[in-house]
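Below: a set of structures, written as structure tokens.
Look for subunit A in each of the two complexes below; its partner is subunit B in the first and subunit C in the second.
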Partner chain A sequence: MWINMGPQHPMTHGLWNLRVKIDGELVLDVDPEMGYLHRGIEKISEDRHYNEIITLMDRTCYVAGMAWEHLFIQAAEHALHIQVPERAQWIRTMSEEFQRVASHLMWYAAFVQDIGLMSPFLYGMRDRDLVLDLFQSYTGGRLTYEYMRVGGVRNDLPPGFTDQARKVCDWLSDRFVEYDRLCLGSDIFHRRCDNLGVLKASECIRYGITGPMLRSAGVARDLRKDRPYAAYGQVDFEVAVADGADVTGRYLVRMEELRQSLRILRQTLDWLDRNAGPVMAENVPRWMGAPYAPVGREGYLLKREYPKGVGFSAIEEPHGEALAYVVNEGGEHPYRVKLKSPVFVNIAAARQYLVGYRVADIPPIMGSVDVCVGEVDR
Partner chain B sequence: MAPLSLYGVSNSLVSTLLLHLAAVLPAPLSTLLSNGDLILLLSVLVFCGTLLGASLLNTILLIWFERKMLGRFMDRRGAMHVGYAGLLQNFADGLKLFRKHTFRPQDADPLGFFSAPTAYMVASIVMFGILPVSTGWSAGTLPLSLLLALVVFSFAPLFIFLGAWSSANKYSLIGGMRSAAQMIAYEVPILLAVVAVVLLSGSFDLTTIVNEQRNYWFWGPLFLALIVFVAGMLAEMERIPFDLPEAEAELVEGWNTEFGGMLFAFFMLADYARALVGSYLIVLLFLGGWTLPSWVPAPLTNFPLAGIFWFQVKTYLVFGVFIWIRASLPRVRTDQLLRVGWMRMIPLSLLSIVLAALVVLAKCLPVFGCLPSMGS
Partner chain C sequence: MSESTTAESNSSVLWVAKPLITAARQFGKSLLRPSTIVYPFERLEDPKFRGAVRIAPGKPIGVGQVWDNYRGVHALNIETCISCNLCAFSCPDLCIDMVTVPGGDPKHPKKCPQIDYGKCSYCGFCSDACPEGCLSMTTRYELSVSKRSDMIYSPQRLEEVFKAKLPMSPIRVERPKNEDAILLDPPLCIGCNACARDCPTKCITMVDLPKPVAKAGEKLPKRIWKEPVVNDSDCVRCGTCISVCPKECLFWGTHR
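Moving on to the complex of A and B:
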């Protein structure tokens, strides 16, 4: 019997369809169908100015907007040959780590709901709100920020921000102990999640799976370490690795990543306290930030010209490795923007880690994949 | 002063009313009104109506209690806006559901689809008539009331499966199958645990069982049976960690996916009625019913309606534990649930029967003469 888990189903955490062939409770085959949330972000980007694309990037993944902004902005700066001041790099690093914390907390909330734990869902959402409050205090937005700019960031941090942020870090590190006790301390959790959705390292690599799923299989691959960008080369942290390659392993990896993120955050906050400086590059072309081209003396629209170039960037997004490729043919819009989403790859391999388990195992396994449909469909 | 009884009150109320009416009305009507059968019929009706109303009110209060408790466990406040501390929220919800259009999917079988919620509701509410909540508050003393209660209680899977099958939805069907499998698996250990209670009390009558617990409550000697019974009741009530039939993560809403409006309200209310009845049963069988230990000072036990008050306090405490479990445990998987049911709970309950038999034997020995002798 084929059943459709989706496009509107509590398991999907978004808008996609997992077709499942079942025999009783046993999963015989699965067929993931994506594309329900396709908005053509890559195509729309070709008709927009660089700073206008940032709003689209926020909406690419609605739980990790800052990471996608960062991804695109890096590629755009690469294409436009712009150097970013150091303080802006550190602010971006801090923003991305806060985004990782918010995204992982969202994942935690959704994941425990999938295995039937009710209270930790609200604990996760409650603590994520503190991070969103921090975002609101310096970007004005809680989910879609439009904060990064080509050449830097929009504005510096408000006074007193770092103290608030440290308080949030302290609160969160206390809560993580509680989270672990609620999940790992429960025998039922281990019965549900151990040896579930196993995907070995060799298969992960064969399917191009990245992020916590790959690291849960014992591969210490993290772009922040392996290909440092922004200020990641100057902070001290460890790559979270587990060796179960199962749902519990992914849980352990994400919880360890949360702790490592707090470690990175404390270092970035200290650095930001010590070092002042500009947050926007000085050699940014004129009218870079303007939504419309300026009107010339004769009333004609001035055409903006940028130097030709090709930009590429790769970052460790909360869900895995995201890549962006920006081609600038000299016009005022990018000629082509190509994004690669880690979650798309992770979902596409669903048959490898779902078949053979039971219907009741699908939500925990898919929950441990951490699906964000916005970036799957783009 | 005769002990207060619900039937006595309704009987005297009806007969007084009818006598006063008969005194006023002309001859043919007055003889009709003073007829003994009519008085009996009307007092039974008043009694049933009061019992039903009080039980449903208690059920709705239970839902409120769960919402508030869950809210506190989750670091929020629960329902707050309708009525004081959200007391009237459930009535508002009920009113909303009542006003909704009752929708039936095109392929659903009308007979099964509409009769299942009704039958489920009836089978749950009948339980309130069977279980004594205090002395004088039950419809009467049935010699086999415990057996009757368990029989009625185990009707539910049939109606759930009926509703699930007739709603022509794959999720409902899977949920219904799970529900049937789960309830059958847990019926057996529950019954075996009850056998231990019956052995110790020597009676199938719930009132006698409670009276037998005057001196010591059964949860002490029958601790294993209590564990089995509580776990079985969790499965019967379909609450976390055993709420697989309506596991919203994978089955949307399980067997009641297609039911909306008043049909859903029926299922919901009946679910909580079953939760209340399950807590009643635990209190009756293991926690001494409406009795309190003898060391409790007299002012706490002999105020009017003390029995029913303490019974409800115990019930809410038991249900509070259920809420606590719900707030802190994940859901188990079907095969794990069935394995625990058949391979762990049944041996445990058999062991508890042996223990109960040993306790009964021990009471016959002169060494343990300090233990109170059995009733009769």
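Moving on to the complex of A and C:
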């Protein structure tokens, strides 16, 4: 019998549908259906100025907006041949790591609620709010930041920011111990999650699965280490790896990533304290920097020469490897924008890690995948 | 549990009682100091939450401007607005219309932004683009209305927000250093004064050109013998002059 789990189902964490073929409690087959949240972001981007696309990137993944801004802006800068000042690179690194912490805390809150633990949900949401407060203090937004610009970032950090950020880091690192006690110390958690949703490394690689799911299978693949971008080449951290390839393994990887993120954050905050400098590139033509001029609407005759080029960027987003491809044919807008979402790949392979388990196992397994439908459908 | 020893049953009593005691203590604490902001009664902009990152129940850490940078409803100072259109052009959602406000020259009425909050995405590009700092974003965030037409804020309503003196973001975005300039293609210019007339900052002056003497058989072009000169330091790069030029003789370019 086929049943629909979704589009309105607590398991889905968003707007998608998992069709499940069941025999009693046993899952015989699954068929993920995506596309309910398709907003045509790639197509709209073709009609927008480079800086205006940032507002779309924030909405591509609504829990990791900063990472997607960073992804697109890197590709756009590659296509337009723009060098970014070093301080801007470090601020971007810091922003992305804070976003990773916020995103993983959101995942933690949602995932533990899937397996029936209520208190950790409240703890996760409470601590995520601190990170959002930090974002608000220097970008002005709590979810949609609109912070990065082609050639740098919008503004420098406000005075006193690094001290606040350090205090939040200290607070969070204490809380992570608590989180682990709540989950790993609980017998219910282990009975619910051990040896569940197993996907071996060879299968992960075959289906192109990336991020914490791949690392939980024992593959130390992390773009921050393997293909360093921004300031990741200069910070010291370790790639979190677990070897269960199951739900517990994915939990361990994400918790370790949270700790490594704090490690990176402390290094970036130290660097930002020591080094001042511009946060916006000087060779950016003014209509690409902030603020920018009219971009050719309503009869304005503003034909401008843009450098032609093709831009590519790959970053380790909180959910996995995200790629962006930007083609600039010399117009005021990109000719084509292509985004690759890691979550799309991860849930497209649902048949490989769901079949053979019980219906009641589906929420914890899908919870451990960390689904963000905004970036799946784009 | 009937077969268990005394020690084990003691520990099992503890095993049951300990979480209950912890839960009761936490419950008592949360009654005294809730972890969240009790919204209608407390507000995020209250002095006790201001200037601090909140850590758990009412324990502020650090000092800084957390709340002031928030991007909420816009405040508009109509007096300093120069009608340069830059906010409307920088808006990715096309939610800003320039509408006429009373006062000013009846022939060339003053135009100020009107914002449709049904479309606005609060990206702040308009206040970044504003050269005079008269359009800025405030910390007002309560916007619920019962009619869709109430979401459209006229310049006058935006000015009311300005007069409420809400905290505004101290962050000002620096203008890029190598800005484009307005350049002129002299042979096309007819000296019509349209650019100087409509320039919001009045940074264009018309200078007299020496009228050439026509040679035999040569016909002088029919034009006013004046030419615009742009004062780069006052120019806000709004492009109004380019759009009003009837001969398309003004264009963006870099100084050589």
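General observations
Following the convention adopted for this analysis, the second predicted complex is superposed on the first by the 366 of 378 C-alpha atoms of A that agree within 3 Å, B and C clash if a C-alpha of one lies under 4 Å from a C-alpha of the other, contacts with A are read in each partner's own complex, and residues count from 1 in each chain.
Keep in mind that, in the parts below, contacts are C-beta pairs under 8 Å (C-beta built on N, C-alpha and C of every residue); 3 or more make two chains touch, one makes a residue touch a chain.
Model, not experiment: these values are computed from the prediction.
Applying the stated contact rule after C-alpha superposition, one finds that A:Glu282 touches subunit C and leaves subunit B untouched. Contacts of A:Pro363 after superposition: subunit B is touched, whereas subunit C is not reached. A count of residues in subunit A touched by subunit B and by subunit C gives the higher number to C.
Of the two partner chains, subunit B is the only one that A:Gly116 touches; subunit C does not reach it.
With both structures placed on the common chain, the touch criterion links A:Ile188 to subunit B but leaves subunit C unconnected. In the superposed pair of complexes, A:Ser261 makes contact with neither subunit B nor subunit C. Applying the stated contact rule after C-alpha superposition, one finds that A:Arg126 touches each of subunit B and subunit C. Applying the stated contact rule after C-alpha superposition, one finds that A:Met1 touches subunit B and leaves subunit C untouched.
Residue overlap on subunit A between its contacts with subunit B in one complex and with subunit C in the other: 122, 126. On the subunit A side of its complex with subunit B, the touching residues are 1, 3, 5, 9-11, 25, 112-119, 121-123, 126, 182-183, 186, 188-189, 191-192, 358-363. Of all the residues in subunit A, the ones that touch subunit C in their complex are 48-49, 51-52, 54-55, 122, 126, 129-130, 133-134, 136-141, 144, 146, 154-155, 158-161, 163-164, 167-168, 171, 280, 282-287, 289-295, 297-302, 304.
Of all residues in subunit B, only 70, 73-76, 170-171, 174, 240-241, 243-244, 247-252, 326-336 touch subunit A in the complex they form. On subunit C, the positions that touch subunit A within their shared complex are 35-36, 53-56, 61-67, 69-71, 85-86, 89-90, 92-93, 121-125, 128-130, 137, 169-171, 173-180, 237-239, 242-243, 248, 251-252.
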